[in-house]
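If you scroll down you'll find the structure; I have some questions about it.
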Amino acid sequence: MIIVMRHDATSAQVAAVVAQVQAHGMRTHLSDGDERTVIGVIGTNPFALRDLFIEAPGVAEVVPITKPFKLSNREFRSRDTRIKVNSHEVGGDRIWIVAGPCSVDNEELYLESCRLVQAAGAHALRGGVFKPRTSPYSFQGLRAGGVEILREARRQTGLPLVCEVLAPADIDTLAELADVLQIGARNMQNFALLSEVGRLRKPVLLKRGMSATIEEWLLSAEYILSQGNYQVILCERGIRTFETYTRNTLDLNAIPLIKELSHLPIIVDPSHGTGRRSLVTAMALAGIAAGAHGLMVEVHAQPEVALSDGAQSLTPQAFRQLVEQVDAVAAALQRPVGVS
Amino acid sequence: MIIVMRHDATSAQVAAVVAQVQAHGMRTHLSDGDERTVIGVIGTNPFALRDLFIEAPGVAEVVPITKPFKLSNREFRSRDTRIKVNSHEVGGDRIWIVAGPCSVDNEELYLESCRLVQAAGAHALRGGVFKPRTSPYSFQGLRAGGVEILREARRQTGLPLVCEVLAPADIDTLAELADVLQIGARNMQNFALLSEVGRLRKPVLLKRGMSATIEEWLLSAEYILSQGNYQVILCERGIRTFETYTRNTLDLNAIPLIKELSHLPIIVDPSHGTGRRSLVTAMALAGIAAGAHGLMVEVHAQPEVALSDGAQSLTPQAFRQLVEQVDAVAAALQRPVGVS
Amino acid sequence: MIIVMRHDATSAQVAAVVAQVQAHGMRTHLSDGDERTVIGVIGTNPFALRDLFIEAPGVAEVVPITKPFKLSNREFRSRDTRIKVNSHEVGGDRIWIVAGPCSVDNEELYLESCRLVQAAGAHALRGGVFKPRTSPYSFQGLRAGGVEILREARRQTGLPLVCEVLAPADIDTLAELADVLQIGARNMQNFALLSEVGRLRKPVLLKRGMSATIEEWLLSAEYILSQGNYQVILCERGIRTFETYTRNTLDLNAIPLIKELSHLPIIVDPSHGTGRRSLVTAMALAGIAAGAHGLMVEVHAQPEVALSDGAQSLTPQAFRQLVEQVDAVAAALQRPVGVS
Amino acid sequence: MIIVMRHDATSAQVAAVVAQVQAHGMRTHLSDGDERTVIGVIGTNPFALRDLFIEAPGVAEVVPITKPFKLSNREFRSRDTRIKVNSHEVGGDRIWIVAGPCSVDNEELYLESCRLVQAAGAHALRGGVFKPRTSPYSFQGLRAGGVEILREARRQTGLPLVCEVLAPADIDTLAELADVLQIGARNMQNFALLSEVGRLRKPVLLKRGMSATIEEWLLSAEYILSQGNYQVILCERGIRTFETYTRNTLDLNAIPLIKELSHLPIIVDPSHGTGRRSLVTAMALAGIAAGAHGLMVEVHAQPEVALSDGAQSLTPQAFRQLVEQVDAVAAALQRPVGVS
């Protein structure tokens, strides 16, 4: 951390800052520029002290110089994290595709959708029984009532299940059933929930919050990692911007950037990232070309009757084509690609 | 809800949409323009069907024409909601001021801060024992350990307590102690938590999420109201934008806008809304001039040693001046003001 | 355009709105819902009247139902626009690659860079002699002094030049020299400049403004088209969001979306779109996979001495690899792809 | 400027950076932390060299430590700038109110509006004859045809005129007529135009761009100041965010912040800042309470027939009430207020 003094700071003000830094057990290093003095602060986690200095007399600015995330930081662990989900190693060379309906509503259609995505090449199933909905008047998911349907889907397809948890109380219901627990965008900073899934020893899929910076996202991963659960898969699903023609703005810059900053695997959700069926395939391909380790795609046997997010669900036929094109792009790039 | 057909939609496509609307028990009303056909959908909650139509053949767009929030909507209840917190009626003419340290850390300093804000004119105390922090390595609050300190603060000052809840599990600890339960910005869409506090019969202070639209915010209030708890106070605390000189962008447009759209009371938090001590007083005054029913202000007896958010905490002396200026502005405007 | 009345609007208020619409020579169509009346407005360009109604007594909302862009709208011209730039047809199947230094500063290095990008496979050269810079204290380009250098670059390579214009006064200098005139992001709504280039009969590359919606961008294209110049190439170059780890957020959703809404060609600038050299290749590939008709890439023979934007410039070697990977992805997708 | 090296940077990499800094005539200052080396760069305008280092081997980050704006920076000129516009001193204690129709369309209505705003207490008139419009199909202003009307308005009222310039070519028409030249939000980074008005010796009103940071805004002011024209008045008019219920998000944090960072006067435009008539008065009062030196308000004798922005125009009666309330707030605060 660096403390930048105002150009008119007195030497007494500089001395006071230095004394306070040292009182917290850290060392200082002074540098006098032409216009102002700059104080380097050396020690463990100095940035936690930022608030003590930012409005202190004579201080112009306090600048962090190390990233606040540690366990997820590639600077301290250069090798890619790989996470086993059944037979697939997420974070390795092979692309991981999670697919299925947004939510479990109708048993028959859900099971049919699952069989079709399996046939088309999916490696895991979306299994939403708890659904976060903006309005209390929208369908909230089948909740515990959907569990048997999920179990049946896994039995019929043999594919692992990715299930969203909304609250610590859901974990009991889902932990035994789900192969991967998903934390949705709206809960990315639900710290109580993050800590709970950090205590499990099971893969967690952590979606980016709709207005979360890359740094905040990695700090949320850090909540899980710091409880001892190292199996975190990140998922970019679009951020909120001023643009309204699309439901979200899929931030694919995040893919190569996360791969540079962190060793955790990252996948892309082009369905929520666009909110429009007609854009999903193009953005899935773009995500893979950008270097993503996988995709999460909404597919429904009959999108026109889906109780949530039908507008962004692919038909099984469109999904099959998507998988073929994804394979072609991955082959063309002899994955891994794009980031040296 | 209105379904706008493409200019080249066939009459068979129009007929198919009409048939599907009617199959859901709603009525339709056709209007042929020069360029295209528009189908009005008449019935209860038609917007829930939006996803069924948005990608249907021949459809260009689906446009909502009623607001999705009901119980919080001023169109259906024109009289202002007023909420009793001890002797104060929040939402009435008198301004309500909540003040105190961001978190309870040091018992002595916390109690001193509380006595000082009381002396300066605060009507309620901030009492944060559970703190949501971006990093797992930051101070997380005293949690249950802080409860006795809160009790003592209330005993010494007689002022009501506003306490944040982070998880359903906190409610037991806080429900009996706190006079108002606060839902923080990061939990504005933690629907499990909203439903829980909706089951209480106790005022809830609902902060706006940092990227929440006005509509989403009112829909989150709706989660609480629809469980039967009508005592919801809204709090604008700044939204996330591209500007980085301030921690957040305080959106004061929200004040007169919420007063137009809803009957719920609304207050302003200029401390989080700016993140800089030097801007707090100006923005508190602006909030009151814009018509807010109250303020939530961070005040600390010794901001320079606060373990969280010291940079945005006022000294007790500065807070006393703020209260005097707020009183002067309120008097000048013979509150209520600014919205006809 | 649809005028939605308030649920408590009187029939006199409805009648007044209808009368005013008709006074402007348009027809109306009434629809009574359970909760409110909705008035359809039929005629040419009704949305121009929006302001007359939005605050009229009894009106709740005014909703556009046709897109305000006409000449660029695919609804009215379904065939892709193709634009000849020398021997290349931009907007067709073959990918168009513009490359070179951000600005012309040093003659020798500029010419060397041009020869190297040509060798690597570029189809056109970036030739910035007028540079828009945020600070008046930064390098502003060689201006007229760079024109001879550009001429020499074209002579040596035979490649066409893409040159940015900042003001109507630059057009004389550049119109004869440049093969494509570029309007930069900061001038996307410089309407005087748009009208001027609309009077030329020469391709214009129109970058998206950093906070421009898709609709505003197409309306800016409309300024050029409506003057009779139909040769407009759109270029996505990143939008401004809250994220600060990247200079901009490259919005690749825009690629398939523009292809759906408009017949104009669209290319991607991953250099400005990320601001970081290490992300450029990944995002170039993503742009092509998303369906872009081309790329604009900053390449400099010695990025470490570039007077502007060195941090995002590729070396010629890295650019050569990028071109190879782009070719592989394009082949894999048997372009066009991703948009049905 | 500070160059932060990666934790695994070699001493050769550190030495190479130091050598390159020195080769540019600047001095360095090394500081070794526990985890990494930090190089301070000392000299004039070191930040211009940022691009040379940000991607150099071993470099993690380059951090500016001085603000890039100079002439507008309060650190180097602590006294408030005051600008004479007729008899009024903008930037002093008395509030300056500019009012009138958004554009000059109908002569009779424009002159009537001007007389009414004068009677209500305005100090200057809005006189838009060149209008920037998002769509080429919207009313573009009377252009040169409106000049006589403006002249007449000034003759009748004796009030000074604030007129927007869209292009260098407009300056001839307007420079003699207008008392203050306005640069609109869309032209805030039209550097050619900024330089032109910098050559005049006449007050310039510089609106904030809709996605401009505070720093970019001050750098645009710097373009004008650095040409020798020190009479710059800043105007906050709302920024673009994700919120769509209001046309823009009025960023009142900017008022006390600009007053802290700069000595230039700043006013507020609540009409564009909200886009809704019903919010204008509340936000005008909020702007004054936040410390603004003045207001720019749209007022029209018959808002319902205005050809542009009628939805945000006040009636003359509403404007008269606004002025009264503004006076009351200003008196209550014994202006200047809110910022120490």
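Quick notes
Per-chain residue numbering starts at 1, and chain names A, B, C and D are given in the order in which the chains are listed.
Everything below uses one rule, namely that a residue touches a chain if its C-beta (ideal position, glycine included) is under 8 Å from a C-beta of that chain, and two chains touch if they have at least 3 such contacts.
These numbers were taken from a predicted model, which means no experiment stands behind them.
With contact taken as defined at the outset, chain C and chain D are each touched by A, B. Comparing the centres of all chains, each the average of its CA atoms, the largest separation from chain B belongs to C. Set against one another, B-C and A-B show the most C-beta pairs in contact at A-B. Each chain gets one centre point, the mean of its Cα atoms, and the points for chain B and chain D are 30 Å apart.
Spacing of chain B relative to chain C, judged by their CA centroids, is 38 angstrom. Averaging C-alpha coordinates per chain places the centre of chain A 26 Å away from that of chain B.
Counting partner chains per residue, chain D shows two or more touched chains at residues 211, 240-242, 244, 276, 278. Chain A meets chain C in the complex at residues 211, 213-215, 239, 241-246, 249-253, 255-257, 260-261, 273-274, 276, 278-279, 281-283, 285-291, 325, 328-329, 331-333, 337-340. Per the touch definition, chain D reaches chain C in the complex via residues 45, 48, 50-52, 54-56, 68-70, 132-140, 166-170, 186-187, 189-193, 210-211, 216, 219, 222-223, 226, 240, 276-278, 303-306, 308-311.
Those residues of chain A that touch chain D in the shared complex are 2, 4, 6-8, 29, 31-36, 38, 40, 42-44, 60-61, 63, 65-66, 75, 240-242, 244.
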